[in-house]
Structure formats: C-alpha cells, structure tokens
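The next part holds the structures, each set out as structure tokens.
Same chain, two partners: subunit A is paired with subunit B first, then with subunit C.
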Partner chain A sequence: MHALFAYGFLQRAFLAGVLIAVACAVLGLFLILRKDAMIGHGLAHIAFAGVALGLFLNVLPLVAALAVAVAAAIAVMRLKDRAGLHGDTAIGIFSSLGLAVGVLLASLARSFNVELMAYLFGDILAIEPIEVVLTLVLAAAVLIVVRLNYAKLLYMTFDRESARAAGVRVGRLDTLLMVLTAVTIVLGMKIAGILLVAALIVIPAAAGLQVAGSFRSAVRASIAVAVASVAGGLGLSLALNIPASAAIVVLCFLAFAAFSLGKRGRAIRPGPG
Partner chain B sequence: MDIVVLRGVSFAYDGTPVLVGIDLTIKEGDFLAVIGPNGSGKTTLVKVILGLLQPAEGKVELFGKPPGSLSDRGRIGYVPQKATHIDPYFPASVEEVVGMALLSESRPRAAAGRERRGRVLRALEVVGMGEFGRWPVGRLSGGQQQRVFIARALVTSPKILFLDEPTTGVDAETQTSFYDMLDRLNRQEGLTIVLITHDIGIVNKHVTSVACLNQRLAYHGTHAEFCRSDVFRDMVSRGDHLIAHEH
Partner chain C sequence: MRSVVRVLAAVLFVSSAVASPAQERLRILATVLPLQEFAAAIAGDRADVGLLLPAGAGVHNWQPRPGDIARLAECDLLLFIGSGLEPWLPGLIKAMPGRRLNTLEAASSLSLHEHGEEPGGEEEHDHGALDPHVWLDFELDLRIVDRIAQELSRLDPAGTSAFSANAGKLSARLTALDARFRDGLAGCRGKDLVLAGHDAFGYLARRYGLVQRALYGLSPDSQPRPKDIMTAVDFCREKGIRTIFFENSVPSDLSRTLAREIGGRVLVLHAGHNLTRGQQDRGVGFFELMEENLASLRDGLGCR
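Presenting the complex of A and B:
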C-alpha cells in the first residue's frame, strides 16, 4: 500500500515537474527576448527569504515563498518605473536583500537544516502532498494565463511601441509576466532548488532559440528541452541516487550545446527557417 | 470626414517644449506628409495623435474620440520609426510578425486560425511579400522588412496609416517602389496616410497635402500651394534635402 502511494505520489510529482518545465520554457523565451534573462535568478533569491519566513513563522514555506516572491515582483516593477533604475538594477537590489533576509530569518529560527537544504538544492522526495496539489493547480493556471495573453505578450516583446499603439496595455503585461515568473520559480524550487531553478527559465529557452525560425517553433523546441531535461533528470536521480536538480541542469545544458553545435553545422542562408 | 482633429495641442519633455499650439485636421483620403528638421516634433506629434503621449494642453480627437478611449484600434495602422531596428535573432516568421496585429479572436479557434492566416497572406500580397510568409523576418533586407511592417499595419484593414520615417536606410530603388505602393493604397483603396519624413523631395510626387512642423505648425495645406509658399522657399534656401520632382 505504501509502495503504491509512493508510486502515485511520484507520478503526481513528475506531472508537476513537467508542467513547471513547460511554464519555465515559455516564460523563459519571453524573458530572454526582452533581455530579462536574469530575473528568474533574482526572483529565486527573493523566494529564499519567503522560504525562511515560512520556516520562521511555521507556515508552509511554499505559500510564504509565493507571497514574498509575488510581492517582490510587483515591487521590482514599481521601483523600475518610479526610481528610473537602469536595466536589472531593481532585481539586483531585491535579490541581494532577499538572500540577506533569508539568512537572517533562518539564523533566528535556527533552521539551517535539512529542510532548508531541500529548498536550496531541490528534493522531489521532500515535496508534501499538499505542495504537489498546489503546484499542479498553480502551474496549470500559469499556463492558461500565458495562453490567454500569448498574442499580446509576443507583440509587446517584439515591438513594444506598435503593441501600445494597437491598444496593448504593456505596463500591466510587464507586471503579469513578472508575477507569473515569480510563481513559476517558487513552484520549481522544490524540484530544481532555489540555486538552480533559474536555469530552467534560461537554458531550455536559449536552446530553443538556437534552432528556431519562428516563435512557434522556438516554443516547441524549448518545451521539448525543458520537459525532457526535467523528466530525464528526475529519472536519473531516482535510478542513480544523484541530485535531481543538478541532473536536470546538466541535461538542459547538454541540449543547449547540441542545438548550438547543430546550428553552427548548418550554413546560414537566406530562405524559410 | 475628419479622422484626426488637433486643437491648440502643446507637449513638452521635462519642461522643454516640443509641440506648441498645434491646430491640425486630417481628412479621410488625405495623403499627408509631415515634414520638418530633426527635433521638430514630428514623431511626438504622431505619438500624441495615437494616444501614446498625453498633451500638456489642447484637445486631440481620433475618429471623433480622445485617442485613449478609442476601443477599435484596428482602424489605425502604425509603423514606428524604429520598426526595422529589430533584433535580427528574434525567432519570428514573416507570417507571425504580420499576425501580431490581429490580437482579438472571438470565433472558434480553427475558423479563426484559417481566417487569420488568410488575412495575413492577403496583407503580404498587397505589399508584394506573398512568397516570404515562412521566412524568418531577421533574414530579410531592410526594404523587405519595411514592407512586412506595412503589411502588419494593413492587416486589420485600417482607415488611417501612420508611417514614421519609413524609408530610412532603404536604397533609392526600393524607396521608389515603396512610395508607388503607398500611392496605390491611397488612390485605389482610399487609405488615409500620414507620412513623417525629413526629406520633402522624395514625397513631392505622391502626397496630397503637407504639414511643415518646427515645434509650431509653420504650414498646412495642399502640396501645390506648399511649393509656392514662403516656408518652401525658406527650406530651399537652407537646402533642406530638396530634390526637384515634377508633381
């Protein structure tokens, strides 16, 4: 019975991992093309403060991290607008603050322990059943929201001014993209870990961009790399007893390297992609 | 019918006046060239008309409404100045770029998809780019990219088309065929066109009216009257990119 539960639980965790991989791949494309690739990294550091806060207050760390990361994402957007900060300065400020607050809270709670390590480096076997359900629901919600706003996000990413003239509310979409990224990063941290989850945002999308002649094909290639890496990494982790997060990131990089080499092998020529 | 009406419009960037007391009316079927030296406020004028910038003073109406409250934005086509300064590695096909302007679809997905593609392909045919639908836009020449952006501006069947310095960096031969295409859209399709340029010579053959801007509107009238005006003579004496064209 226990084995069956464990098997069913693992299936749901795998499914959650796949949904997160798809969300990361699609969001990553938009972020890279907006030259915001490091936002995932910054938000992951901010999520660390949320995890530490959850452990400190004894509430579910995933929920605390969601609240902190989403609030910080909105704060970053406002700071960028109001303080006129250049590029990723705002995310640099908040990510450092997030890490500092996280260390302080973890120290105060005396919770530099196995549980915190599970968040820093990821541990799929440490995911609570309630976290799996929450992850499934929120990851699906992220994908639905992206699908509903896909055309506007693409237009805004490609040509912001024309999108504005066409009635796209670019400021709202900027914030929406940040919030969706924050949620996805937090959901992914139990699988890939706070320190490595940003790789899921950047590397599959970067790999997809190596081979794509259209945005649609970039989305498909990025999703394929992300899903294969997450599924393969989790599988390797269970089979070889190695850390899943590291296996996922290495697989992502191998796909990126293969796509890059494949691209270099083809002569660049005019014509359909 | 008046498509654009500006009354006493002024705009300043951080206290520096860019537009001062502009009164301008653009009627349906006009092919208006907005000319003036660099920094004269041409781009700002179009952004104010489109509602991308809010005027400090005055009233702006686009299709009889304040630009910000205009819900049917498909009636406007816009090709901004930097449209061709795109990321050459952006993975977008020509069809995807043109389709970006078709934002809202309420029909069932399959039917909407077929109709969308049909409209995209028709817009590409109009600008002579029908064969390039599946090409990555970054692999096209500057002139071809410009045509793709015009197709994107036309795909919603707009009533008015705004073009901001559309032939910057485009060779002379491509420029000629480009302006011939605009001519055809204006005369045969009845499309109202607002063309921003600092080169008055190249538009002499095509436009029906001219607005000469240098913070204030120095002249607004027909092209024929413009060629007889003091403003034109002053520009000739300064040698402002003038090329003699027969009208």
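Presenting the complex of A and C:
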C-alpha cells in the first residue's frame, strides 16, 4: 500500500479510475434500463471516425472525436425514436458506419494507425494531472445532472410514454443523457482506455441491478461495485504484476457473477417472504 | 483508311520503342525507409525506388490496400528486412498472382541479436525472438548496401559500375555516420538508455556501449504493468537518470508519466523505419533522423 504514496502515477490511476467508475456506473444504469448497454462500444467506434476526421481536417482530434460522438449519440437516439428501430439496431448502424468512415478517412489522409491509436487509447497507468481534474469535473457533472433530474430521468426510463404525457421534456433529457454519455466515453477512453470504459458502463450497473430492491439502491450498489473493482483491480495489478485494466474488468465481472448467483440462490430458496 | 491505321500503328510502335528505355528503369519497392534510401542512392537514375508503406504507418501491423498489391505485382525487386519485422509480408508474397516476386531479405544474411540481449551479458536470458531492427547498426547497413548493389547489378548488368561507385559513396557516408556516433557517445555520463516503448534500439545501444532498458519488449502494442513502471522509476531514481527516451511510433503518454515521476524530461528517438507525416513535411530522411537521434542521445546522456 505504501507504493500508493511513493508513485504519483498510481495515485492518479486510483483517483481518475474511481472518478470515471462513478460516472460510468451512474450513466450505465440508465443506459442498461433503456436497452442501450452497447452504446459504449458504439460510441467508441464512432469516436474513431471523429479522431480520423480531426487528423484529416487538421483540427484537434479529441475535440473532433467529442463533437462526432455527441452528434452520433443524439442521432442514434433520434433514429431509434423516429425510424422505430428496435433495441440496439441504431447503435449497430452507427458504430459500423463510424468504423468505416474512420478507416476511409485514415486512408485518405495517408496518416495511419500510429497517430490514430495515440489519440484513441489511453492507459490507466499513464494519466496526466490535468486528466484527473477533467475526470473530477466529469464525475461531478454526471452526479449533479442526474441528481437535479432524478425523478424525471427515472420516470422517462421506466415509462417513456407516460412521462411524455405527464409533460416531462423527454427529448431534452434524452439529449442531456446522451451528451453526458458521449463525453464520458470519449474522455474515458482517451484517459483509461476503451476496454475499461465500455466495461465500466455496463458491468457495475448490471451487477447493481442484480441485487437492488430500488433504483436508488441500484445506484449505490453500482457505484460500490465500480469503485471497489477499480481499487481492487489496481491493487491486484500491483500485487500480481498483471495489466491493470484487464484486472479491473475481471473484478467487475466477478462482482456481477457473485451478485447474480446470490440472487438466484435467494430466488430459489422457498419459504416465507 | 487501312493505311491510316498502319501509320498510327507504326507511330505507336515507334513511340513505345522510344519510350521503352524509360520503362526499363528498374522498379524497386522497400518496406522501410533505410532500405528505400539505400536502394535509391545506389541505383541513382537507373531505378525508381518507392516505399511500400505510407507515411505514419506502423511497419509491424500495416495492412496493404489493393493499390499496394498492384504496385508490388509490378515491381522488379522488393526489399524487406524480414525476421518478423513485417509479419504481413509472407502471406502477401504467397498470395501474389502470377510470377514469383523477386525479393531481397536484408536480415537473412546477418547474424541477428536477440531482443533485450545485453552487451557482454553472457548469463542466461530468455531466448526470445530475434531483433529485426538491424538498420540501426550502421556496420550491418554496410553489408545490406553491398547486397543491394549486387542484386541491382544482377538485374541491370549495364549499371554495375555505377552501382558499385554509388554503393561506395553510400558506404563512406554510413561509415562517417558510425564514426560520428562513436565519437559523440564516447564520453557520456550515463550509459542507460531508458526507453518508454518497445525495444527497437538494441543494435544501436550495443554498438556504442549503451544499455537499452525498454519499458516493454517485443511487441509495440503490449500493455505495461505497474511493476514495470515502478521498476523503471526506481532504476532512474537510483541512478539519477533524468531523461526518458521514447520512440515516436508509440503513444507518448507513458513516457510523460515516467518523466513526471522522476522529475525529468522526454526526448524523442527515431526508429527510422518510416517517416511520420510531420517528418515528411520537414523533408528529412534517414540520415537526418539518425543525426537527430545522436543529438538527443548526447543531450540526454550528458555527453561531452
């Protein structure tokens, strides 16, 4: 544990990892319940096109990636609404398109994988101080937005039509949620890597939903799983000398597996209650 | 009408005959920058020498496009390093339609070092893959230059004397570069080349008595582990090393992390297998990159 104090990179990994985990866990709950769990993977592919576009047009690649991801997230949502596409079809369409456009642009720009990869993939062990600040702002923004719109978000997530009828501005909330998600994913993958962000969006929230009796407790459980996995994963990675991101993802999954087995045990058990 | 066709045909025939000497310039492709520059210098105006990979492409994980395969199919000679540097190449050669591709594998006649092998360290080590970054040893480059000159003479016997004269000039240039490195790196405070990247500089380090300490080995894509970083940090702190080198074909985040940890700085080393777009725009080539490497090394290792 004293390694944590001797090495700045571990402190930053810990801090930024925990903050990203919190943002992802909270957003992930809404996304899963909306059947948008794959949006993390989808937006990552789309961000690839954004980075390629940035390199092609010679503007800041990360800004281009953010802009493209936000636009695509909103487009995904609209497409789902208007075209009546089921489930994650819209995500499938846009993520394939994103990958294809990225490959085309990279080929046209004749500037290849090296630069692209540098912008796309972060490493949780190589986090800059400014990135810790960014993740702090991000996590705070997610928590504040969700807190302020909690009731409306909940209403919309569980019963979209009634919420709309009751006067909740569904479109605006959708946009807000998608923008937050896009920013979380693009920043998160630049900072901590795509594997980690996509996993932190889906698995802790799924684990939380396994055990929770209410949405509020699901939020708490998801955050707990995410934070414990990041902390435990970094610790394991130190102790066993294994890659940190992979350790974190595996821990997330173990938490999910334990929760879901535990739930089954309870469900099977006969008796009162 | 028929006579018009005949005249046209005759004109076409004559013009194609006139054009043919230009057509007979050898078409040579190379996978990496040094091979391209060597071949171009040796061939002079008797060949067109192109680089198969576009600027910024990573030689380890590049994928050819149809146009590249067409260029390959038309070339008279393909120069490549081999020994695993271009893992995509064997399959490509095998899949070439029609005639067999004429190739020269630069690494095949050289005795290669193993990855991560330390100079003088005869103690046991993992017998890993062989290190293909041979062009960073300027003496091995001399042998490669000879082989390219021989091969060109075989393909274009009329050019033999020009080729050997050009090869002589190129060898002199490489020998001079080698001497500049040897002199420039003779009196340095540090000998440890701490590299936040994959170990591309083994040949260079060994040749000039440096020790390459790469953060991660063989594959440029592998993920470092916390212990690797901590070991590197401890090593630098212990030895008072303040400079982290990084190769610009890998993301720089990790090198900055290391440098921040030891309160040091980051200097770029070029592996020299390819140019980035920026370098292409600057108009630099292999020799300029090597001179930049020497300047970085002298700066970072505190050489007199």
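Convention: the second predicted complex is superposed on the first by the 196 of 273 C-alpha atoms of A that agree within 3 Å, B and C clash if a C-alpha of one lies under 4 Å from a C-alpha of the other, contacts with A are read in each partner's own complex, and residues count from 1 in each chain.
FYI, a residue touches a chain if its C-beta (ideal position, glycine included) is under 8 Å from a C-beta of that chain, and two chains touch if they have at least 3 such contacts.
Predicted, not measured: the structure shown is a model, and the values here were computed from it.
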item: First (subunit B), second (subunit C), both or neither touched by A:242; value: second
item: First, second, both or neither for A:218, with subunit B first and subunit C second; value: first
item: Contacts of A:150 with subunit B and subunit C, given as first, second, both or neither; value: neither
item: Subunit B versus subunit C as contact partner of A:107, first or second or both or neither; value: second
item: First (subunit B), second (subunit C), both or neither touched by A:253; value: neither
item: Contacts of A:128 with subunit B and subunit C, given as first, second, both or neither; value: second
item: Which superposed partner A:9 touches (first subunit B, second subunit C, both, neither); value: second
item: Of all residues in subunit A, those that touch subunit C in their complex; value: 3, 7-10, 107, 110-115, 117-118, 121-123, 125-129, 234, 237-238, 241-246
item: Subunit A-touching residues of subunit B, taken from the complex the two chains share; value: 50, 52, 71, 73-74, 76, 78-80, 82-83, 86-87, 89-93, 95-97, 100-103, 134-136, 139, 149, 152
item: Interfacial residue positions of subunit C with respect to subunit A in the complex; value: 54-58, 61-62, 65, 223-230, 233, 248-254, 256-257, 260-261, 276-277
item: Residues of subunit A that touch subunit B when the two form their complex; value: 33, 151-152, 154-155, 158-159, 161-168, 208-209, 212-218, 270-273
